[in-house]
Amino acid sequence: MADLQTSLASAWLPNPLATASGCAAMGRELARFFPLSDLGAVVTKSVMLAPRSGRPTPRMAETPSGMLNSIGLQGSGVDALVEHDLPWLQAAGARTIVSIAGGSIEEYALVAERVNLAPPGSVAAVEVNISCPNVEDRGLVFACDPMAAASAVHAARRALDPSVPVLAKLSPDVTDIVAIARACVGAGADGLTMINTVLGMVIDTDTLRPALAGITGGLSGPAIRPVAVRCVWQVHAALPDVPILGVGGVRTGLDALQLVLAGASAVSVGTVVFNDPTAPVRVLRELDEALDARGFDSLAQAVGYAHRGLEV
Amino acid sequence: MAAGPLQVKGEVISVRRVGAYSHVTLLAPGIAERVRPGHFVALAVGDATSSTLLRRSFSIYRAQERGVYGGTVEVVLSAHGPGTRWLSERRERDAVDVVGPLGTPFTLPRDPASCTLVGGGYGSAPLFGLADALRQRGCRVDVVLGAATEERLFGVLDAKRIAQSVTVTTDDGSMGVRGRVTDVLPALFERAETDVVYACGPMPMLRAVAGVAAAYEVASQVAVEEAMACGIGVCMTCVLPVVGDDGVTRMVRSCTEGPVFRGESVRFDAVGTVPADAYGAPQGSGH
Amino acid sequence: MADLQTSLASAWLPNPLATASGCAAMGRELARFFPLSDLGAVVTKSVMLAPRSGRPTPRMAETPSGMLNSIGLQGSGVDALVEHDLPWLQAAGARTIVSIAGGSIEEYALVAERVNLAPPGSVAAVEVNISCPNVEDRGLVFACDPMAAASAVHAARRALDPSVPVLAKLSPDVTDIVAIARACVGAGADGLTMINTVLGMVIDTDTLRPALAGITGGLSGPAIRPVAVRCVWQVHAALPDVPILGVGGVRTGLDALQLVLAGASAVSVGTVVFNDPTAPVRVLRELDEALDARGFDSLAQAVGYAHRGLEV
Amino acid sequence: MAAGPLQVKGEVISVRRVGAYSHVTLLAPGIAERVRPGHFVALAVGDATSSTLLRRSFSIYRAQERGVYGGTVEVVLSAHGPGTRWLSERRERDAVDVVGPLGTPFTLPRDPASCTLVGGGYGSAPLFGLADALRQRGCRVDVVLGAATEERLFGVLDAKRIAQSVTVTTDDGSMGVRGRVTDVLPALFERAETDVVYACGPMPMLRAVAGVAAAYEVASQVAVEEAMACGIGVCMTCVLPVVGDDGVTRMVRSCTEGPVFRGESVRFDAVGTVPADAYGAPQGSGH
């Protein structure tokens, strides 16, 4: 058995498997299938300041080896998270990575401040979801511009308890993901989560209209795994010391291993949970076996291993 | 008491054509024991390399704790898209991964009551288990089955075995009364002195039934069918606007808070939208 | 039977189905499966000025509902195309869209000039593949920068016979594809082809190394179809008068219809040819049936149809 | 003369285990008639919704123009990845889409000659059809079969029926001579006065065989196995460096110009690279 311990900056995790934001709600439902404490971490659905109804339906469309979603960040807001969900998760023995979102720089700061009010030890890390439209800048997505991305991350970092590491969650829908990664790290991100969904669209050939009420949506699932591996690879090559939480299309332990070899210290399973509710624990077991079979004594040895000899 | 859902490697016992539908019986040990009327199962499509990732949800038609094979679950499906087609093409002994039982089942009346069960198309599937449970509690059960055509009716014989009365409607008159289920409901409500109506079927039918029920001051429970990505409550794709006991409309998940709702709580007119007065709805012009 | 005629700027095509560059070589091999004249057009493998050996193997990896490739534009160069392939294609009754590529602005111009030497009538249009690294600008891909993209398109447009329409082939790997599209149209592109492959990567979990000799590669196939539909949608919304050749993940007639409804006047089938060599003619038949079933009298009516009522 | 390839909806007649392999017989009308020794088929994996898009290539073991069923094609496969596993799990009457025959077959000597056929693992599959064709032309045929272990040998009995001599080698000595095929070739070349050696198997074996053949001035033809995306010549993924008659090295497609090449034309040492002297190779430092 390989030593599976890992860490994302100052957050220690007993193993590298996590859920993905928005694919495990606040953890309660998955806890009916396996103990959340078996995972390295639970990543919560992104919370904003106020409760949000989300977008109209249809909110999803199936695509080859993937799906499109446009939920619109429905949720009860950060206060409900702090009051109800985080204590429950802590009691369940989960390590929780809180995902926060905002429509303005100020909202990121305000949400982060409220997260500080969580019970001590209930927040392992905060993931800053910057794939949100900035209402103050013509709805441009923070993650698509290095300055905007940095400002959002900086606002959250400053507002948060310094002992809690901040992960910036990047969008692959950019010309140069390394530039965004650098900007986020420069703004105080202790680590990076990659990738959020890829912007996509499905047209319903019966109604002859966009299939989603939101018109475009986020593509996720195994279809995008090669994009996730590429982003993790590029950013790890440029910033080898920045810990990465890899996410995107993981279905099997070997998929998770690809992300690890590319440079991820931990791996989230998102969409595949919809296919297989017990996927996170299955993938963990398969990853463990895969590491053993390849003679790795520890997960740490495998992180970024595919780069060796290729550094320029 | 029913415990939480399980994920089990199921096995196909049989697939039989019934009119326009496929009646699929699955060996799914552990699940049958937990089923209550109105529960559904979510079936995976294909194997671990399938390009069709999302599970398909089906009402449970019958659940047997142990037959010849061990616990079985039966569903009735209409094959149209890739998932339902794949399921209808299964052969004996093929593997099908099953998650269930899922959802909030029908609420049964505490005391014996007169219950009218309304099923549209394959929507009748969950009503027979419900009818059994109601009969066991001494309720009167009347059944109304409607569909576009005769071959899209399901369970007319089942209904006759179990119900005080069975009324059939078809859009084309190929069986029973030509028309809609709501055409026959008022008379039935009077005749049976209906206390509560249970309905499962397409959304427009549920809306109409809830409307008639409200007009006749009959309590109603409707089992809705919204497109679901996960079926287990984690993805938030399956929401619809539902008014809570506090009078506040929320976008609630039909897979966990539903699929069964009180008819008057569903804002049928606003399904597919986020009503402006919904909890957390976008304020002002910004969105 | 709907009227299937279509056009890409001044290029008239009897029907909207085409092959995709690099997925049908120069046409000869597919002609063993169906007459090339049955298609609206054959799009050739991108040619450069000189013969090129391409990259070392492995050049491909399979991915969920897709594949990754890194061929490195292997080919015999534009002169061989003009001398051997175009006359052959013309004799076979094919309408040929010649895809050209370059490593510098000058190369685009030179290749385009040589295309002018092709037999009269043998070139229906020229597609400018700008997803090439610019050797003069640190290997930055032309398609990733509006200025560079425009320069390449401009060079080709100026060098080419004015009667031959030029399509600029865009990469989805950019923050703002509409900006690139505008730049290309401003530089003289008569139409746009969308999309080229999405940058991706696979790590071989046996060798613990990148699966491709070229490390990263282009993701194609049904997996990326939602990205193609989104790009066509966005660009058609912004530039409704610019004809679009849609490409990306088309497997069925309904997939092709999605691209048409999003705004494509013609559709290429690429990777799916590897799965089904007769796919282009099958997809054409299925598209024809789908148009009929939906009451469209002509393909032209369906182009961009999903936008109606949604224009802002 | 063999015409071009066809794409046909094939049907599984049988799948049988043979040692470590699966021997799959497919009904594929029209293809058998066109097969010559060394041709291969490309089989689609799964149906029209399969996530596994790329076809898998297999040497043709046997092709019968019409048996009980009509034209059949037989392949021998080693199940390891998703595609070969899927194929090995097929049942009778399952559908499998077949494209073939593909590739450039073995060149047969014009006049009767002494031919040595060398197969590594399932690489022996295409050699039996070749042996038949050679025998019909009055050639002498000797066969050498090698594999890691006995269960990874294929066709020892077939070979015995058809060949003047059969030599078996296994890495572990579980059958025949312990060692490699090349250990036994020199003696055989002398004994059989071999004019031409035909080889099919893993790349290192082909390289070694071509080397021994060159040393003994025996002509050689090798059937290579490169990862293929299309199998029909349109994708350029399956290339390897081959020296042409003009002395120029080109990156040629093993699916159309191959899989059979003259042994001395393949630059085995450079497979997986683009030799600097190859036609169109990157010049200078730029790439």
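Order of writing sets the labels: A, B, C and D. Residues in every chain begin at 1.
Note that a contact is a pair of C-beta atoms (placed from the backbone, for glycine too) under 8 Å apart; a residue touches a chain by one contact, two chains touch by 3 or more.
These are the chains along with the protein names UniProt gives them: A, C = Dihydroorotate dehydrogenase; B, D = Dihydroorotate dehydrogenase electron transfer subunit.
This structure is a prediction, so every number in the text was calculated from the model and none was measured.
Asks: Taking contact as defined at the start, I'd like the list of chains shared as neighbours by subunit C and subunit D.
Replies: Shared contacts of subunit C and subunit D: A, B.
Asks: More C-beta contacts across A-B or across B-C?
Replies: A-B
Asks: State, to the nearest whole Å, the distance from the C-alpha centre of subunit B to the C-alpha centre of subunit D.
Replies: 56
Asks: How far is the middle of subunit A from the middle of subunit B, if each middle is the mean of its Cα atoms, in Å?
Replies: Once rounded, the distance between the two centres reads 35 Å.
Asks: For subunit A and subunit D, what's the span in angstrom between their mean Cα positions?
Replies: Their C-alpha centroids are separated by 47 Å.
Asks: Can you list every residue of subunit D that touches 2 or more other chains, as numbers and ranges?
Replies: 49, 51-52
Asks: Of all the residues in subunit A, which ones touch at least 2 other chains?
Replies: 64-66, 221-222, 251
Asks: Counting only chain pairs that touch, give me the topology of the graph as line, ring, star, complete or other.
Replies: It is complete, because no pair of chains fails to touch.
Asks: Of all residues in subunit A, which touch subunit D in the complex?
Replies: Its residues touching subunit D are 64-65, 222.
Asks: Spell out the residues on subunit D that touch subunit A in their complex, using ranges where they run on.
Replies: Interface residues on subunit D, with respect to subunit A: 49, 51.
Asks: Contact residues on subunit D for subunit B in the complex?
Replies: 46, 49-52, 82, 86
Asks: Name, in rising order, each residue of subunit D that touches subunit C in their complex.
Replies: Counting only subunit D, the residues touching subunit C are 4-5, 7, 44, 48, 51-55, 97, 99, 226-227, 229-240, 250-251, 256, 271-274, 278-282, 286.
Asks: Which of the residues in subunit A come into contact with subunit C in the complex?
Replies: Residues of subunit A touching subunit C: 63-66, 68, 144-145, 173-176, 198-203, 205, 208-210, 215-216, 219, 221-227, 229-230, 233, 249, 251, 254, 257-258, 261-262, 290, 294, 305-306, 310.
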